[in-house]
Amino acid sequence: MKRELKSTKFGKYGGQFVPEVLMPALEELTEQYERYKDDSVFNEELNYYLKDFAGRPSPLYHAKRLSKEYGVKIYLKREDLVHGGAHKLNNTLGQALLARYMGKKRIIAETGAGQHGTACAMAGAAFGIKTEVYMGAKDTVRQRMNVYRMELMGTKVIPVKGGSQTLKDAINEAMRDWVANVETTHYLIGSVVGPHPFPTIVRDFQSVIGKEVRTQIMEKEGRFPDSIVACTGGGSNAMGIFHPFIEDDVDLFAVEAGGSGMKVTDKEALHSATLCTGEDGVLHGMRTKVLQNKYGQILESSSIAAGLDYAGVGPELAYLADIGRLKPCNSMDAEALEAFNDLCIFEGIIPALESSHAVAYVKKVAASGELGDIVVINLSGRGDKDLETVMGMRK
Amino acid sequence: MKRELKSTKFGKYGGQFVPEVLMPALEELTEQYERYKDDSVFNEELNYYLKDFAGRPSPLYHAKRLSKEYGVKIYLKREDLVHGGAHKLNNTLGQALLARYMGKKRIIAETGAGQHGTACAMAGAAFGIKTEVYMGAKDTVRQRMNVYRMELMGTKVIPVKGGSQTLKDAINEAMRDWVANVETTHYLIGSVVGPHPFPTIVRDFQSVIGKEVRTQIMEKEGRFPDSIVACTGGGSNAMGIFHPFIEDDVDLFAVEAGGSGMKVTDKEALHSATLCTGEDGVLHGMRTKVLQNKYGQILESSSIAAGLDYAGVGPELAYLADIGRLKPCNSMDAEALEAFNDLCIFEGIIPALESSHAVAYVKKVAASGELGDIVVINLSGRGDKDLETVMGMRK
Amino acid sequence: MRISEKFSELKKKKEGALIAYICAGDPTPSATKEYVTALVRGGADIIELGLPFSDPTADGPTIQAGIERSLNGGMTPDIYFRTVASLKMHIPLVVMTYYNIIFKRGHEKFVKDCAASGISGIIVPDLPPEESGDLAGFCRKNDVDLIFLVAPTTTDERLKRILAEAKGFIYLVARLGVTGARSDVASSTRELIQRVKTTTPKAVGFGISSGKQAAEIICAGADGVIVGSAFVDIIASGKDVPARLEVLARELKEAISLG
Amino acid sequence: MRISEKFSELKKKKEGALIAYICAGDPTPSATKEYVTALVRGGADIIELGLPFSDPTADGPTIQAGIERSLNGGMTPDIYFRTVASLKMHIPLVVMTYYNIIFKRGHEKFVKDCAASGISGIIVPDLPPEESGDLAGFCRKNDVDLIFLVAPTTTDERLKRILAEAKGFIYLVARLGVTGARSDVASSTRELIQRVKTTTPKAVGFGISSGKQAAEIICAGADGVIVGSAFVDIIASGKDVPARLEVLARELKEAISLG
């Protein structure tokens, strides 16, 4: 057992809390990732797909009218323009390609609202890898358009009927599938969560966001921004934009979903603010902050933004929050809706409700000076998927 | 009257067949466009928005798996990745900015499926110009999501209750509005149609597509493609990609909507193949090919793709077809659906049904050698807007 | 009867010309004769008879609806000319249609059909002088007047050229906007009447519906008024149409008979 | 009773061990005592009693449903330990739960609660040896066995280390996949039994439901079988539960009693 345990963790967070049957797969994945991550052939192919297929680099857009409205200079990192409409594809392209290099014949994934599943379907189709996506049965009904999208691209969507029939049941079921088919199958996790090495792999594949921002902001401003703000569900768009700036004098804000309030019962929370209010625990293979009751049972979380609705959070974010390198904060459903509206009206950009949480936080605190003079918001996705929700809320 | 009449025409097509009240507005627009079109300040601002707001350049993607399937090397020009999901924004940004430089306080537009209206709403919001969009009352119901999108971005959508309550009534109504408010208002036409100078202006603003392809294909292949294929409704995405190649040895294919067949009655056509089957006529301010009956009444056209469903076509395309510089052709509804499917399955790209017509034509004739070895397809938009239609058709 | 003769005759009588528009075939081809007769009885000096086009961009909702009724009633150019020929009018009759109808029929055939059926003038709202060369040529050859429009937005330069080519009468567009009944007279209308200096008669259209408006326009120096939507409204109502057309025509005509 | 004592005793009798799993509190806390008693009557040698966790990743639909029933029935760790203490068992009892339950309670408290309530061993399917240091320490101090799992995918290198740390028995995962009754014995199961060379008893779980399967596994060299889903299925049916649990336990026990 030569594995360097230390490297599976971020401080006390992270690790590999999975059934024994998966351990060799995680070892294999770690090794293969180490092998290809700096491999020039792999990276050339990945970069080709990121550029010509996904449409990278995404612009860094100076939102003049919103800046004026909010009283701080705002740049939007336009992940909403990435193929599929969100940052998710950066990761699925990376992992799907890795799976191909590893000789895996099949990709599985879990999805909640269907964004990650759609991004998997896109990558799976582009590379010609068989793709199956687990999705809570309830979610397949609520998000039938995304189910249809995936199916159009040849992905099999498997409704999960157990439990609450939502994301966490889909994760559980995907893990079970992986346990059963680990030799032929790559489990394509959709955020910086799960057992090591997933949080690192996903963070690395998403870091293209922050790397681009470094170049773009230097071109535009000749300096780094004072702060970067990103919404945080699992935390992949946040880590993607934060990570390249970790060593720099840039303040990082991880905006979680405040939902409809901070109330928590024994079974559920009205929010998904895991970094802000969660306690140490172990979920989905990692030690991290978790929304749980006093016995360690995981709570049902809640948010208007399906993509933020998760009771855990990436271990690296928990670590960075503990050491004070990032500030956890949150926006309520209503604040996110207002920001959604602002971006539509002032900039002609319909943002994802997830991303709207980041915008809402900027609106809330810009006047306090907390964000400095120049702020970059990671606009993680577009809001076409959210129109029905917003229509429903506004009535 | 010093106007050079000649320049309002493409061969015998084009011209300015509008009420006298609009003539001065067209003159003003011509003059102002002449003034700004090579103005460096104007172009710098436009290019900034094209890059950072719209996400240009759009990639030129070598679709390897589709190429293999169809037996010809296929590049897709990824207008589907442009903000809003189609090429439409290239034109609305250009014209909205021009309107601002011209001191107009208001923009009006017509829209059928809502794509052009949405692109207007985006440009209007980004530049802070009041925007109103006419839309057939029937279309506002069929395309209620796009209506909602426009409204979210602060655009007023005006349902047109007259006539067939569809696109042509919206065009008529927008023209009437322009007649009434010509001094303060710019009419932002959405394709290379209408009276001079619109076909030229829209073509020029869309030419960014073809200009990028020139650079991109030289980088990738060291030569120009043998052929370029674009779907053609009004013809703006086609002219946008064709125009920069007009002087070159590249075959151009304008693919119209073959609908459900070539049948035509006294009142309607089952297709929208205007270049293929239309006769010379005058519609919406221009002389061009028109679907009409023997008395000159305009026919209702038909297509599974709302954006191609138009009884006219841009005058420059009619001219280029007459002199043999482009080849008019068409794909049927069913062929477009098949191509739609292929692109989903083989490439993980959900194309607009409009664009699927171009893909379908390539599928149909690739084996004949007609397209040569390398073909560029203008993937004018993404298909998220078409999911309901496709779901309906497949059942 | 030539249009110019009619205006001369009216000038002598110190009357303004009432030009009454309805759409031929609204709601059926057979109704047209009755309606035209009623208008003439009421005192209309010139009849402007619409030949319907499927996409009437320059018309407002009222006339647009009339055009739709007419097309649904089966009106075609062939029927139109036959209907017109059967009217055997003693006053001038002008056809108002969109350019594609003419273009499709062929300029020469269209103008000859006009001349043969007794039409004295042609109004084409979507045909500015720049594009009218062909049609104007055939009109000259066949003694049919091609009538041009002038709008408040028309520049002095354009105005000069239009006036040089003007035949029959000049159609002054009373306001920015499309046809449709309104109740006031815009100051821009007065200005336009002043600005158009010509010996060709000037008739003002777009938005005139009452005797009061019509009188004001004649006072302001126009030679005639064109009234359309107010008549088409009556046809649309379907009630007592001939009688009410006649009443309105009379009211209007009386208001502009200053003699 | 310590687990090792039980295996020694069975070895002498030439019997394979029947390790019977049910989820505590399924469907109510009060049912558990009756069900456990029935299993013991039927011949179960060791009881593996699930302590339910909201997100049981390593379990199949059958056991997952049992866990849900248990949580809905109000089961908590506090109630669990009280229930277990009240069982006053004469055979070894092991707790099966997920790591967060232990983590949240605190390693020391959890292990002490186990010892105090008479639990001999702990199975944590989502806790591989790499992460188990803390818990293993407290287990050693309190004479509770931390039982490790070995899977067909476990490499020889990992196997060596796991065997070095193994206590109580080694839990051999019969197949890739999750818990759930199946009817055949995979050849990979036989291979795994052969590959795991140790003096620590080997028990095979995952997918065993019939006496025939159980016998084949013991023949192949295992010291015991773990049966769970087949029992939970009976509880899920809600019909005649105690009697049927006893019958199945007896069938299984008889099949593996080769003495």
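A, B, C and D are the chain letters, set down in written order, and residue numbers restart from 1 in every chain.
Convention: contacts are C-beta pairs under 8 Å (C-beta built on N, C-alpha and C of every residue); 3 or more make two chains touch, one makes a residue touch a chain.
Predicted, not measured: the structure shown is a model, and the values here were computed from it.
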Hypothetical removal of chain B, resulting connected chain groups: A, D | C
Per Cα centroids, the chain farthest from chain C: D
Centroid distance [mean C-alpha coordinates] between chain C and chain A, Å: 67
Length of the line joining the C-alpha centres of chain A and chain B, rounded to whole Å: 36
Residue list for chain B, restricted to those that touch at least two other chains: none
Multi-chain contact sites of chain C, meaning residues that touch two or more partners: none
Category of the chain touch graph - line, ring, star, complete, other: line
Interchain contacts, given as pairs of chains that touch: A-B, A-D, B-C
Residues of chain D defined as touching chain A within the complex: 53-58, 60-61, 64-65, 68, 71, 76-78, 98-105, 125-128, 130-131, 148-155, 157-158, 161-162, 173, 175-178
Chain B residues touching chain C - in the complex, by the definition given at the top: 1-3, 5, 8, 15-25, 27, 162-163, 168, 171-172, 175-176, 179-183, 279-285, 287, 290, 292, 294-298
Chain B residues within the chain A interface of the complex: 51-53, 55, 58-62, 65, 78, 80-83, 85, 121-126, 128, 145, 148-149, 152-154, 341, 344-350, 384, 387, 390-391
